[in-house]
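In the two complexes below, chain A is the common chain; its partner is chain B in one and chain C in the other.
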Partner chain A sequence: MRRWTAVAWGAAGILAVAVAWELYKFLGPADGFVVGAIAGETGSGVMLLPRTHDRAMPHLWDMVARLFESTSGGDTPPLIVSVASAALLTLGIAAVGWLIGVAVGMLLGLAMQRWRLVEWGLLPWIVVSQTVPLIAFAPVVNVIGNQIDRGGFPWPQWVSVAVIASYLAFFPVAIGALKGLGSPDRIHLDLMRSYAAGYRSTLLRLRLPAAVPYLLPALRLAAANAVVGAVVAEVSIGMRGGIGRMLIQLAGQGSSDPAAPWGPTFGSIALGLVAAGSVALVGLGLRRYRRGEATA
Partner chain B sequence: MKHSIRRALFGTAAAATAITLAACTAPADTGGDGDFEPLTEISLQLQWLPQAQFAGYYVALDQGYFEEEGFDSVEIVPSGGDIVPQDALVAGDVDFAIAWVPKVLGTLEASGVELTNIAQVFQKSGTLQVSWADSGIESVADFEGKRIGSWGFGNEWEIFAAMADEGLDSTTVSITTQDFSMNALLDGDVDAAQAMTYNEWAQVLEVVNPETGELYQPEDFNVISYEDTAGAMLQDAIWADTARLADDPAYADAAVRFLKAIIKGWVYSRDNPEDAAAIVYDAAINAEAAFPVGPVHQLWQMNEVNKLIWAGGKFGLIDAGAWDKTVAGALAAVNQDGLNLITAEPSASAYSNEYIEQALAELEEEGVIVDGEYSPIDVTLTEGGQ
Partner chain C sequence: MTAIDTATTTPTIPAVKASGVGKTFPTKGGDVVALTGVELEVAAGEFVSLIGPSGCGKSTLLRLIADLDEASTGILEIFGKPARKARLDQDYGIAFQQSGLLPWRSVGANIALPLELHGVSAADRSARVSELAELVGLTDFVDRYPDQLSGGMQQRVAIARALAEHPRLLLMDEPFGALDEMTREYLQSELARIAAETGAAVVFVTHSIPEAVFLSDRVVVMSPRPGRITDVIETGLGTNRAEALRESPEYFAKVTEVREALHGAPVERANER
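Then we have the complex of A and B:
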């Protein structure tokens, strides 16, 4: 019963966005509302209300109808098919990136929890790593990948994309693992010690189970990050076939075919939901360790 | 990639041979056998996504012209992301690259690398500045006090060069970045938007005018063509690595064979624009997994690109006058940050007609008409170019 209520609320949320879009489109000014514009000076003033005409805000039914028209005219498949196949490709790469990120993040978390010195030495670098802009980092990975490829070891472009996705994904996992592994109460650790349990059994029987409520949100964040990373990396290094490339390419038709760019936009939203939803499945399997966590 | 190792090994061997022979021979005989093992696999970096702007290369691939010139495998690498063609060429990711002349001149001066323009595919500039018919903007001089859109990323230098010729700079003209659609013009965010004859100009004409319910017509706009201004610069050219051309006879030989294949591709595109547009469109939607604007738009693009290529002379020859004009514009242009594109003349190695002349001569012997005129066709645009 509770599940159906949740589904109903979710659907109501989507409906509310749709209604708000159409309502504003109906009520709002077609050319927007600008204050402080100086006559004869194009682009002056501040736009307070965005434009509502069909190029700026296509009707929802036009966007949906566009999904079932051919992507690029001619014999090309319906837009929705192109979007789905592009999204699946990106999802697969993001999943690889997520796996790499989770593995690296877990190892870093374990090492930092085990040795204080490692934590002191590594944690600042891990934080700094996330301040490097992705658009600066992605071409570097691409160049290194190309060099490895030329060196005789095959390194297709999608590997670079997965590596960049993992670069964003490992961060929440490393932090979550560090925090979670350190979360057991003193009294429980003392109990393990009184049993003469070594590091490994303390880790397996106490620390890892205690870390689950911290790790699950971290994994979900990592999934969302991996998707964002994969989309941006695709655009940045020019990989073919994914949803990021499709977004860029259809954006160029924004004037003459305004509903088209919304197809890949919906595709990337669906992609993020699927990625986060898959992590929720991991959570189902670990239900008995999730006592402390507010269920989401 | 296997061939890379072979090429590297081979390059060393070739360089050694060249040094040994340098004393007694003229520049390596590119046609001779035994001196080197000919390259059979090469790659070409484009400067944007697959579209009819690059028809000649996709046609050469489709029609087997590369095989005819002895290449087993040619990879055409689209851009459209952060890939800068001349940087990919310098890094050794590709063997040849397509790029606009002013952009490469900037790279050459900024980084000190050496690249050579071996064929000037587009003989004319295709850049336009499009404004509404009632805007009063009919020449570059009218930019004063207006808001002018540009894509940036090196696409803006013709605007600044043309403005410099009129005594205008960014203190008197407001230059703003526009996105890849033409909404900035249609929504009145800019007074005049940058457009290429073969792409964005068509996109404007594929939009329905809400007042008439029909597509916008060319008469609704004022169009300034930079080709008619002092700012005109050379655009799509084929660039090669200068040092490799000099040191590696196999690369120099591959350059000539590569040019022969693409000349045949562009000749086909000149004589069969409909088929060529269809070939690019098919390659884009299938092999490249790209999502180009529809077939009508590609045909428009093919038609306009042909006009830029077949300007009366032979294909791809670099006209010294046009080159000097580009350099002069590049020296004069100052952008909105007060920076010059280049401050000194590029070195003499920045262009060479040696390879294209050899390719043209060999093709003329084979009976290919390499200097034909293009007869434009009529393309009726449709909404969204589908």
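Then we have the complex of A and C:
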């Protein structure tokens, strides 16, 4: 019963967005509403209401219909097929990036939890690392990757994309692991000490299980980050075949084919949902670690 | 294993022997003396309570015996060995004010935790778990999870866990402190029975005078600033700790005696609980 309510609310949310879109398109001025424009100077003034003509805001049914027309004329496959295959490629790369990010994040979290000194030395850098803009950092990874490739060790472009995606994905995992591994109460640590349990048994029997409620949201964040990272990285290093590249390409043709860029946009939304949903499945298997202890 | 052998063959070795034990915690405002000059011997199988106002170092003393903290001065021996060795040899079981159960483990798995950590086989573990569940009266709850139990039941699981490896010494830090009075009295009787059945020595920290008297062979009265032992009272109530004992004159006399020892002067209304 509750599940159906949830599904109904979800559908209502999507419907509300669709209705709002069409309603504004119907009511809003076709050329938008601009304040303080200087005559004869394009792009001047402040736009208060966006344009609603068909090039700026295609009808929803046009967007959907466009999905089933051929991608770029001729006998190219329908747009939806191209979007799906591009999204799958990006999903695969994001998954690799997620795995690398989770592994690196866990190792960092473990090291920081175990040695205070490592936490003091590393944590500020981990936080700073996330302030580096991805578009500045992506080409550097690409150049290094190319050099490794030329040096004889095969390094295809998608590996660079995965590495860049992992750069965004590791952060929440490292922070979540640090917080979660440090979460056991004093009493539990005393108890493990009284059992003469060493670091390894304490980690396996106490710290890791206790970290699960902290790690699950971190893993989900990491999945979303990995998708965003993969899309942005594809664009900034110019990798072909993924959804990021497709977005840019079709957006460039937007003025002549305004419904087309919405195809890969929907594709990347679906991608994010699939990525976050897969992590939710992991959480399902770990449900018993999320029980709270009722206080006496 | 020679140490254990000597201990079992010569029962005269005390479970706990403290001579001149003290504990100082360094703080920013200078050293704080938590415990000083503790002389205490707990015989094998004896039930000893530590009682006193907060800050008297009773929990500190228990933590020293458990080797959760290290004594700053003096010699502390558990069954004739240093506290650290006794901890590594698993000579004691311990229970705290909070049950400290792992919420992701079922009752049975919580009881089995120490056995699991020390490599006891799965078959022996489940046999021991059902034995202990019966001892604490939780046979029907072995597959439940801690959040499905009442506070008193959680505490019984914690006691079962402390007993898992047949310790000859049981350390308890206000285990019933967070429970309501009725559950508390019930569990006191249960503990008296369990202690008698297992023959383990018990060091029991409490701030309840009736609890200390009802359970103990000896009540150790402590005082703060600095934490030290000020008095030791033999209850002499024998081995039968039935409910009727709570209303007997000898029991009241001992409660009064402990109260006077705690306050350092005779108390007018001796019958007040």
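The criterion applied here is as follows: the second predicted complex is superposed on the first by the 286 of 296 C-alpha atoms of A that agree within 3 Å, B and C clash if a C-alpha of one lies under 4 Å from a C-alpha of the other, contacts with A are read in each partner's own complex, and residues count from 1 in each chain.
Rule of thumb we're sticking to: a residue touches a chain if its C-beta (ideal position, glycine included) is under 8 Å from a C-beta of that chain, and two chains touch if they have at least 3 such contacts.
Not measured: the values here are computed from a predicted model.
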- Task: Using the superposition on chain A described above, determine whether A:Asp185 touches chain B (first), chain C (second), both, or neither.
- Result: second
- A:Ser70 contacts which: chain B (first), chain C (second), both, neither? first
- Item | Partner chain in contact with A:Arg2 - chain B first, chain C second, else both or neither | neither
- Query: Touch check for A:Ala56: first (chain B), second (chain C), both, or neither?
  - Reply: first
- Query: A:Thr42 contacts which: chain B (first), chain C (second), both, neither?
  - Reply: first
- Message: Taking the superposition on A as described, I'd like to know which of chain B and chain C A:Arg116 touches: first, second, both or neither.
- Response: neither
- Item | Comparing the two partners chain B and chain C, which touches a greater set of residues in chain A | B
- Who does A:Val143 touch here: chain B (first), chain C (second), both, or neither? first
- Message: Give me the intersection of chain A's contacts with chain B and its contacts with chain C, in residue numbers.
- Response: none
- Query: Residues of chain A touching chain B in their complex?
  - Reply: 31, 41-43, 51, 53, 55-56, 69-74, 76, 82, 135, 138-139, 143, 146, 149-150, 152, 234-241, 245-246, 248-257, 260
- Item | Touching residues on chain C, where the partner in the complex is chain A | 66-68, 87-88, 90, 92, 94, 96, 98-104, 113-114, 116-118, 145-152, 154-155, 178-179
- Within the complex, which stretch of chain B touches chain A? 1-2, 4-5, 49, 77-83, 91-93, 146-147, 174, 176, 179-183, 186-191, 203-204, 206-207, 210, 281, 284-285, 288-296, 383-386
- Message: Residue numbers of chain A touching chain C in their complex, please.
- Response: 185, 187-188, 190-191, 193-197, 201, 205-206, 209, 212, 288-296
